[in-house]
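Please find the structures below.
Below, subunit A partners subunit B and then partners subunit C, in two separate complexes.
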Partner chain A sequence: MRANLNDSSVNASRPSATPATGAFAYAVRPTLDPRTKLFLLLAANLMLFFHVALTTQIVMVVLFLIPLAAAGRWKTTLNFAITYAAFTALGLLDPDALGLPWLHVVSALAVGLAMMLPCFITGAYAFTTTSASEFICSMRRMHAPEAVVIPCVVVIRFFPTIAEDYRQIRNAMALRGIAAGGWGLLRHPAQSLEYILIPLLMNATTVAQDLSVAALTKGLGREGAHTSRTRIRMGVLDWLAMVVVSVPIILDMAGVLR
Partner chain B sequence: MSVRNRESITDHVSFRYEHAQETALHDVSLDVHQSRCIVLCGASGCGKTTYSRIVNGLVPQFFHGEFTGRQITCGLDASTVPIDRLTPLVGSVFQNPKTQYFNANVTDELAFAAENMGLPADDINRRIASVSDRFGIGPLLGRSIFHLSGGQKQRIAMAAASVLNPRLMVLDEPTSNLDAHAIADMRTMIERMKADGLTIIIAEHRLAWLNGVADRYVVFDGGRIVREYEASEFLALSPGCIAAMGLRALNLEPYRKQIAELERRRAFPSSSSGATPLLATRDLAIGYRGRDGFMRHVPDMAFRAGEITGLMGHNGCGKTTLVKTLTGLVKPAGGTIMLNGRKARPRDLTRAGFMVMQDVNYQLFSDSVREELMIGLDETDPAVIAQADRVMDDLDLTAFADRHPMSLSDGQKQRVAIGSALMCGKDLIILDEPTSGLDRYHMEQVGGLLRQLAARGKAILVVTHDEELAAGWCDRIINLEKEPIMNATNMSGTAGAPAFDIADWLGDWESFEHYIDSDDPTIQQTWEAAEQAVLADPRMAPMAAHGIRTFWSMACATTSPENIIHIGWWRVSEPGGAGAAASAVIRIEWFAEDNTSLDIYDYRIDHVIEHGLEGSPTFVFTTDDPNAEDSPFRWLLVIAPLPSRRAFTKGGLLSHLHFQYANDLATLVVSGEPDADIHAEGTASGSATETLHNPRWYATMCADEGTVQDRCAIIRALHHLQ
Partner chain C sequence: MTSPNTPAETPNQPAQSVSQSAPEARKPGKLQVADLITIGVFAALYFVMVCIATLVSTIAMGGFGSIFLPAVAALISGCVYMLLAARLGKFGGITVMGVVIGLFLFVSGHFVLSFIASIVFPVAADLIARAGKYKSKVLLLVSYMVFSYGLTGPILPLWFMKDAYVASLQARGKDAAYIDGVFANINTGSFFLAMGAILVCAALGGWFGQKMLKKHFVKAGIV
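Right, the complex of A and B next:
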């Protein structure tokens, strides 16, 4: 048993308060209701659609990163934050003043990517911190059609396997001498993309078939009410999150933040 | 016999897959009676998998095509009734552990089928608890499925298929990707299911593990049922007859003997047969750093051109990491690897070696076979084109030169991958499980291919569980499982090893089970509060489905498979007295619940496991007492008491410790690596060289002192209550 140790001087090498057995041993990480996560995703897309001002963008990105950090995904949060900062900085450069005309292209690219990043952030948050069953339950509560629910759940299921597949493919490429070495990918970008994507997608189709079969034999396609073991409830924090995230967009549309 | 119900009735069924030329099944009729275990066997493409899909309704509802005839499964017409009506009646388990589960979390996966059926939440929790009891997966609940071993994943698949208490189980080649231990587990699970009255239909290539479990064998060929055999008839057939039917051997003993012989034949690198070996290792240590890192030493090995070496050992003993180290994909943790007599860096190894992965799809990058062979080379050079033609000819791929690699069969894809290795001029070719899931004919084809490559002067290394391939085609075999992994430097202890201070241990200890069973009202109240807290948290709720105390009494049981007497107390004292061993550090007297003394032994510290129970450094005690030879208490794994008994007197929590015991250390400890491709998060069993079978399931002793309040404090702390 891992009891709450008041006396920290005793045997500091012991892991901290987690009860004995497997079921208890993972910390329960606070996350928002799946519906709120979808709302955040929607907000990110609206940002893109309405082409909001830079200050609004920055505010929104910070807001989006907070729940991600709260869910314990520090490394991901940091990666996204640094990436966003880098792209924004590149976008702010004035190529003419620096006398580097080619920087226009880089700058434009950076701006475009920076605008897409909020969608990635909220997407990563929604799909990697929600379990498939929570997602299915909340989508069904919202009366979303099955044709929307099932693909979303399959995406959730796929994300963890993609990193693994990517590593295997890179190993295979190294053995074949394709795009080898640390900078190999950058030196032949188009070729590398092709060599990575093709096996990834081919593998994905096999996996997709196996998954569908597995899910069907467990009754996923059944008409009628599906229940959920986990209780999904919209709490105060969820409503608050939705309101807080909407405010900058509304202000921006009203012209206040421009 | 005919009084039994027939769970599955197949009446003149024929089926052809959409877009296929030939019929997959032709006029098949078969009756499967209740509580029988039927094995479907035959060569690849004979129709056994298609038949299993007909039984659970996947054909024709998911796999479309022309279907004629009737299939009645558990009283329902499987071809017309929607597949979810069959879900509560038929449980299905498939071949690939990696793609069978829809959820990422074990508990979610177990709940999945029940949730889809619309059962209420507490019913679901109850079913999860009962299924985890039956299949012994309690320690795995709540964990991420991605981080489990193949055998554990299949066990979860079996459990998930049983959640709705089906009447019929359909298994499609469930052991293809498993090692010998996992296969033995699978057999036990099937025996138990049979005892529970389930009807079982298994489509399989590897038949040996079902000897004694199966009741009937149905042999398919070309989409028809050729013959049905009763188990006794089938097992009496000669090996020649079995081989002629395209089936794998029923009796693996001769193969195992041959493998043992080949293991002995391992040539020592120093006794060279003249030529320098292509690849040789010296004092090689493999592994990786990090929280779940592990490291192990491997014996010096040498690979020569023209030799086929087999690499065997159960999953987790380091085969994958070794192979990655030999091809330079992973840096060695120590020692050197020599390529043609010269010390080689990982980059050189990657250039010289090639690995045909178990899943060849990761290695096929192009639109056509010809293009695939010429990747990285100059396509316009006539010499290169000529070489590609030659290679395709040698490997029987000329007919497929312009076909897309993904349209080929698995065996053909393997050959394309090998072809690309030959084009690159690789001299060391490693194959990872090339024959998993293959029937006899195709296995022999792979064997022939290996011989062909060896004849061309390549050094071949085959990683395999397939005893028939290893015995029949390998020149020698290395079994990593049997090699010692600890050397002198390891034995002396690691930096994090705790010092042993007898003062922390002295005194009487009481089993935590007493707290669970206590009649004291204050303690009972504390348990009630704990139960409420657990029920309120949805993720932990299944634990309390039968009552929180039931859960804890299971979790902290002091009984073991070898010992049914509950341990009530320990008395720990200094070792000594007549005939005491010099190295003994502690004396423990074991008492039963009614205070009878069971045994008293002096223990010495054999070694320390760095990441043992709950991930903490764990002492491995053993006694050399001759009276302990059959005793279940001979080996003892314990974590040092926390907090120390002295700290308790200053107002801390009651001191307590955790332990496991067994007559043989191998029952508790596994030497090896976690699943090598995946770096686990939060698995307590990632370790240097040794891991426990069950690092989170152990008995607990609390210091026998203090008041009722102190006991309540422990119970509260355990559940994070204030």
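Right, the complex of A and C next:
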């Protein structure tokens, strides 16, 4: 399924079969195509899978940080860069030379986390720079079944509602003097869970009905292809990013980078 | 208005789909748009639960704490699962929820292979729940326990972590026997501990969820 997704992401860009809708859709986009982001994610996962050498890892992390910085997420980029540098340094420690065997725990943890960071970097990039409609549009383009697309739309749509409900529930609880204060929730975990989750679920069932009615009115239940106002297209930059990211991995597998 | 959303009893299901618009009436018991939206809403809640579980297990147990992530998630999200099963009562709901969760975990930077776990276990859970027609309490509890293993995907990289550290030690010229000694009991022991913890926590969480369901939702006539 994974490989399929990736293949179709490459193929689907060719025909560009969507009818012309948004007039300004081809204006300059600061970020990459969602399908390229998917490719970056897969590349990061591939690195995890194949245990790339340290040199490759460093090169890849730098490469992954570039689009994040280009999207204007300077702070996130910097955080990731510093974290990665710290973990790499910790991982290179030699516990035996220092005479502290317990440092193995720290060192192992650092190596492991440094390994997982590429995934988190690409994940953060994909998550923070993709709009809901872009996400949906690319999923449809990759022929994901409606049974998956629709719940995804709802999930994205529903997150803000949960946050809002949570604030109101906490206010109501505070008004009644339940679990007020910072650590109040932790004093009776089961009770807190009940008092917060049950109203959320009650509301969820109502919202589910409202959303169904609204969505059916807007024609979400229609069979056949859906059009989208958002247009996504693979540009030169996207192909370039894919190639540039693939090169170090291929070199690593070929044993050139060590 | 409520007719598409009432939990469908198996006998009147075909009648219900016929009453729906024509293209949806093809397969009885097929998930309709209203069902998919319900699943989406519950998947969102479940995802929030997973995030809370990640936070809790990381704060409580440090970096390796994420090995207990599925257990903590299982402990707190029983209500969500039970309510979804009770409201939907159709095959496919639990599966779709698992897949959507897996997709979101992947996009937010988790390991690709976690996707396999988040398909296989929910399908199994769905089949078990269907055997009890989504009504049998015992089977629902068992299906929840199986479903909870779907979250083991995100902790798979820990296994790779060990390999990576061993590789990096070897690269620096340590001998393999010594390295294995460092890790021998940490890995397998904690692995079985985590798997056992999922089972226990899922049983507790599922039981709590069923209790809450009875206390709040059955009385209010929502289920």
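Here is the rule we go by: the second predicted complex is superposed on the first by the 150 of 258 C-alpha atoms of A that agree within 3 Å, B and C clash if a C-alpha of one lies under 4 Å from a C-alpha of the other, contacts with A are read in each partner's own complex, and residues count from 1 in each chain.
The rule is simple: a contact is a pair of C-beta atoms (placed from the backbone, for glycine too) under 8 Å apart; a residue touches a chain by one contact, two chains touch by 3 or more.
If you're wondering where the values come from, they're calculated on a predicted model, not measured in any experiment.
When the two structures are aligned on the shared chain, A:L193 is found in touch with subunit C, with no touch to subunit B. After overlaying the two complexes on the shared chain, residue contacts for A:L42 are found with subunit C alone; subunit B is out of touch. By the touch criterion defined above, A:G221 reaches both subunit B and subunit C.
In the superposed model, A:L113 makes contact with subunit C only, not with subunit B. Contacts of A:I169 after superposition on the shared chain: subunit B is touched, whereas subunit C is not.
Contacts of A:I178 after superposition: subunit B is touched, whereas subunit C is not reached.
In the superposed model, A:L103 lies in contact with neither subunit B nor subunit C. When the two complexes are overlaid on their common chain A, residue A:A81 makes contact with neither subunit B nor subunit C. When both complexes are overlaid on chain A, the residue A:A132 reaches subunit B alone and has no touch with subunit C.
Shared contact residues on subunit A (touching subunit B in one structure, subunit C in the other): 1-2, 153, 157, 194, 198, 202, 207, 211-213, 215-216, 220-223.
Across the complex, subunit A meets subunit B through its residues 1-7, 10-11, 13-15, 17, 19-26, 28, 131-133, 136-137, 153, 156-157, 160-161, 164-165, 167-169, 171-178, 180, 194-195, 198-199, 202-203, 206-207, 210-231. Residue ranges on subunit A touching subunit C, taken from their complex, read 1-2, 41-42, 44-45, 48-49, 51, 54, 91, 94, 96, 104, 107-109, 111-113, 115-116, 119-124, 126-127, 146-148, 150-155, 157-159, 162, 190, 193-194, 197-198, 200-202, 204-205, 207-209, 211-213, 215-216, 220-223.
Residues of subunit B that touch subunit A in their complex: 56, 58, 61-62, 82-84, 87-88, 90, 92, 94, 96, 98-105, 107-108, 111-121, 124-125, 128, 138-143, 146, 160, 324, 327, 329, 350-351, 353-355, 357, 359, 361-366, 375-376, 406, 420, 424, 496, 498, 512, 537-543, 555-556, 614-617, 640, 642-644, 647, 650, 652-653, 656, 658, 677-678, 682, 684, 696-698, 700, 714, 717-720. Those residues of subunit C that touch subunit A in the shared complex are 1-2, 4-5, 21, 23-24, 31-34, 36-45, 47-48, 63-64, 76, 79-80, 83, 87, 92, 96-97, 99-100, 103-104, 106-112, 115, 157-158, 160-165, 167-168, 172, 174, 182-183, 208, 212, 216-217, 220, 222.
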